[in-house]
Amino acid sequence: MIRFALVGAGFIGSVHAGNLAAHPDVDFVGVADIDPTRSASLARRHATTAIDLDQAFDPDSVDAVLIASSTDTHAEHLRRAATVGLAALCEKPIDLDLDRAVAVVTAIDLDGRPMMVDFNRRFDRDYTQLRQAVRAGEVGGVELVQMTTRGPALPPLEYLAVSGGQMRDQTVHFFDLARWITGEDPETVFATGSVFTDPRVSELGDVDTSVVTLRMPSGALVAIDSARRIGYGYDERIEVLGSDGMIEAGRRHVGAVSRYHAGRVVGDGMHAGWFERVAPTYRSALDHFVDALAQRETLGPTLPEALKAQAIAEAATRSLRTGIPQPIVYPALSAATH
Amino acid sequence: MIRFALVGAGFIGSVHAGNLAAHPDVDFVGVADIDPTRSASLARRHATTAIDLDQAFDPDSVDAVLIASSTDTHAEHLRRAATVGLAALCEKPIDLDLDRAVAVVTAIDLDGRPMMVDFNRRFDRDYTQLRQAVRAGEVGGVELVQMTTRGPALPPLEYLAVSGGQMRDQTVHFFDLARWITGEDPETVFATGSVFTDPRVSELGDVDTSVVTLRMPSGALVAIDSARRIGYGYDERIEVLGSDGMIEAGRRHVGAVSRYHAGRVVGDGMHAGWFERVAPTYRSALDHFVDALAQRETLGPTLPEALKAQAIAEAATRSLRTGIPQPIVYPALSAATH
Amino acid sequence: MIRFALVGAGFIGSVHAGNLAAHPDVDFVGVADIDPTRSASLARRHATTAIDLDQAFDPDSVDAVLIASSTDTHAEHLRRAATVGLAALCEKPIDLDLDRAVAVVTAIDLDGRPMMVDFNRRFDRDYTQLRQAVRAGEVGGVELVQMTTRGPALPPLEYLAVSGGQMRDQTVHFFDLARWITGEDPETVFATGSVFTDPRVSELGDVDTSVVTLRMPSGALVAIDSARRIGYGYDERIEVLGSDGMIEAGRRHVGAVSRYHAGRVVGDGMHAGWFERVAPTYRSALDHFVDALAQRETLGPTLPEALKAQAIAEAATRSLRTGIPQPIVYPALSAATH
Amino acid sequence: MIRFALVGAGFIGSVHAGNLAAHPDVDFVGVADIDPTRSASLARRHATTAIDLDQAFDPDSVDAVLIASSTDTHAEHLRRAATVGLAALCEKPIDLDLDRAVAVVTAIDLDGRPMMVDFNRRFDRDYTQLRQAVRAGEVGGVELVQMTTRGPALPPLEYLAVSGGQMRDQTVHFFDLARWITGEDPETVFATGSVFTDPRVSELGDVDTSVVTLRMPSGALVAIDSARRIGYGYDERIEVLGSDGMIEAGRRHVGAVSRYHAGRVVGDGMHAGWFERVAPTYRSALDHFVDALAQRETLGPTLPEALKAQAIAEAATRSLRTGIPQPIVYPALSAATH
């Protein structure tokens, strides 16, 4: 049994709490939050204990910490976990500021320290299948990747103001997926975007709809469209075209009910929101982390991998602002592994 | 070039006329009809000649006759074609009365005489693929066949009154398909039906909605649902379940346009009517007939095969009336081939 | 909080244990089994207690009992729950013998006693949607229902020997669904079946592949095909055709990954087995039972409803044996409600 | 009846010949070709006459000319048709060189002269439906358009050498569709491409795989991926995302046959080549042209519209070469209409 402490009892914290409580190999030691009422309530719901941060990071009673607190605390908690020798599973990003994120990762001695950033899309059943097929050479050499990431409604402006913008907040998941699927680090990025939902998005220097093109060293091209408010639900899909075929992780519908009328068939639509669509990936990500701790799988996404996705988002943000393609500059890390 | 005369200038006659005129191996000699205005008009449209019946059956200028006149004349025209040594492609049925149909087929010396009944569903692209796969053993031994045949609107009562009833008029196509796909002659049939559209259908002794079960000698089961008025268009499908897999010729939609709204996706529906759905099969049936005349393919459905489908419809009609399963009695034909 | 005892710690018992442990409104008091090792092990896994039957039926510490023990003990446990005034959620069937099942239900004073049989298919998301649409009149009057129930592999012969046969064991779920969706009690049934998998199935007097036709009082027809061993996974679907349209709960695929090759597209297939397909329905059935206990929903399927489905299976079994349609005789129950 | 002459008896000429011969409102006067053997053979097949160019452009016996000769003769034939007052339906492009194309269109007095360029994709059933829905406001304001255009195999290098490159030859159809669907003229274009098939494509200064992004004046974004050799058939699709929903013209499969195996379902694939996919659009384009001549519809795509699509392809080609986004410069035409 691996002894887990959870840091953060907000919405995502509560999702993790349910998964920690149900996991057969996990001893759910306790949950910490800056609001003790919140941690107490969440602890009660999952038959565990409300603890403070010192207890959460106590290597005598804890093996691994799951960091689901607010974004601005991730770096500090990661550093602390490293210092006391705990494993860590951390919500993305390491830090919104790439320089600070690099500094943290550099400071941590990564050798043998199992630390993972929760880019949860990697654990989607269909994306996993697609990646395995691509890596097994089923489509031959990758030539073109097409990705769609679209959310149902504009997030609150207060959220957008601290989100880092569409590239760093939304599209970054697909920058990570693009690397993970192809095994390549893109060299250049072109991004262009517009604001259709609310003029205040422009005032924040952000966009709500964008198209991104990545070029890989092999010449492979990646096209990603991202939208914040599509109205028809939550919509993601990926196509990978290679020299020997094409593989697609298609749109997911909530059910298989169809109504037949003259001239048209009305089927079940998309999931209402991102959580309905990706909820199972949180459990799968935890499964993977636990398996990696038990040496049954190779851990990932690692901190250096997360930095790479973040570096692509930086360059994409620059391209959005300048209107021209940008080279992608990856951070130099002594201990960095792919 | 094969010299064709067309007998019958009604709706189906005009469909055949277009196909005869466009066929590269056909010399479209002329069209005959009891209404000379109609044949003249149709002939003009396809750059051929209006002729009379004597010309249509003149072996000096005609090689094959396409019989698309009214149902009660089919038998007489078939007999005449046989007598003068013409090949014949005849709309179904040979005769609505099974005894009369048997008498005609018995009277015709079938040896070497290429005569085919236009059970056009056999020439549907998907059904052809499905049958080839089944006959090639792709699903192993056939165990269960599920068929759906549903039309958009109740045909006119005047038509129903002379149609022979749902089994002989509509379901008979699928009796033929069931034999053709499985290679077996069903032994017993159970049919039960209801009237939902118009009480006058009951007064005609007919039904508009029915379920039929056939048992094959091998134990394979065939379930067929037939409906006259479904409102949502024209709907056919076939599933064949075998010991090694299942193959399905699914619903056909008119296009691939989808509209995404919150909670639902609205796609293109079924074809509006039977003709929109099966129009290409008339051309394919003619292609097959021409190829068979040129010895490039084995002719079918033959007259004896058409009689077998009709015999199943007879037994199904008896089952509808008696409420119990009926044995299927096939006509004994000296020259009959499968 | 409702205090639940679980009786039965086999496979289905362990599924229920997980759901009981996770349910926010349930106090999972303990689990009883004839094999105390098994109950101890299951109790440990879900942080509850191994108890004996007297404790499971003790109204001072238990409000509701979930009966998941072997089929031959259901009736006795239901009777005991009724005697001491507990609510009960019971795996189907009440008893394999219809007469004994009727005797139990008659003996129990149903007034106000919340007792439910776990026909879990009713709680499938798609079937629930389909039924709501049908009951709301979306397709008008029901005219034709087509149902498919097919399992991947022949169950062990030892299981088949005590299962009551395909009608009572497998198709009975769809007899219940047919009543629940249409709101009608079928009047007659015709069933015909074959054995393709193993001759010993015949020796048991059973079939592995069958087609059933039900007639409703309104004239609506229901066609059900059932198969035990299809090889390609677990396959269920339902179509309801009405006077104003058609609604379908289609095949469920395990994912949305497609591989495009020349001439063919390879998509994700069906679920491997029944449990993968229907696992969520056990949780939904428990949710419903809890909601009904809290008066938030109307309880069902009730014991009298379960008897009706069983009566249809009896008549279907008679039809299989006699080869002719059979009237369905429903048990007369003083307290029976629809 | 409209009297048509056909110029060009190659592959596309023979497609047009079949459609001209079958069109009820067309009098197919004759076919001209630089190779008289070829025109004689094609004329014979469709019961018309081989003629020379003077006869083809003789306004006493011809009303409209269909120009399907080699690309380098289009401009000259268009000019001649204009001079003698014939209507013209011309294969794309007007001329591979944009300046020469502009010169021809400028020289022709377009007032009332019905001249159309055969961007046949506009006449695809699904694209027509999609455009009507978009123009009717079904998805609100257009925000994002995603287009895919992929061919099965690399065309011969001799063809590529004179094709003008992927943008002018393949993607240009989708530049036209983008304008036609949205009703906007894009302002800037970014294109990036690679060569995966044959290094000689690079030597020609061309690419075989590319991603293009267009920006519309409204801020709407258009992403187009183009590929020359995908192996799995011919693949096109379009999505239009707007403020009120999304509409998709999805992949077209050749049939609806599915084979179910354990874990996977094998369905019918894409069309083998572009012609199988778009063949019906040639007939629909002719129907449209004839209807426009008869004042039943508004003619299009007009010559000025064709120049606009060509101007986008020019800028896209510049972007491919420079690696940065390019403004799109539309030709100034006195008589140009949208």
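A, B, C and D label the chains in the order they appear, each numbered from 1.
To be clear about the criterion, a residue touches a chain if its C-beta (ideal position, glycine included) is under 8 Å from a C-beta of that chain, and two chains touch if they have at least 3 such contacts.
Remember, predicted model here, so these are calculated numbers, not experimental data.
K.L.:
With touch defined as above, tell me whether chain A and chain D contact each other through largely the same residue numbers, more than half shared, or through different ones.
P.N.:
Same-residue interface.
K.L.:
Where the centre means the average of the CA atoms, what chain is farthest from chain B?
P.N.:
A
K.L.:
For the sequence-identical pair chain A and chain C, determine the rotation angle of the Cα superposition and round it to the nearest 5 degrees.
P.N.:
180
K.L.:
Counting in whole Å, what is the centre-to-centre distance of chain B and chain C, each centre being its mean C-alpha position?
P.N.:
42
K.L.:
Hunt down the residues of chain A that sit against at least two other chains at once, touch-wise.
P.N.:
Within chain A, the residues that touch at least two other chains are 231-232, 235, 245-246, 260-261, 268.
K.L.:
Thinking of each chain as a vertex joined to the chains it touches, would you call that graph a line, ring, star, complete, or other?
P.N.:
It is complete, because no pair of chains fails to touch.
K.L.:
For the complex, which residues does chain A have touching chain C?
P.N.:
It is residues 22, 24, 45, 47, 125-126, 129-130, 133, 138-139, 245-252, 254-261, 268 of chain A that touch chain C.
K.L.:
Provide the residue numbers of chain B that touch chain C in the complex, in ascending order.
P.N.:
It is residues 141, 143-144, 146, 148, 150, 190, 192-196, 209-211, 213, 215, 219-221, 223, 225, 227, 230-232, 235, 241, 243-246, 323-325 of chain B that touch chain C.
K.L.:
List the residues on chain C that touch chain D in their complex, please.
P.N.:
Touch residues, chain C against chain D: 152, 231-233, 235, 253, 260-270, 272.
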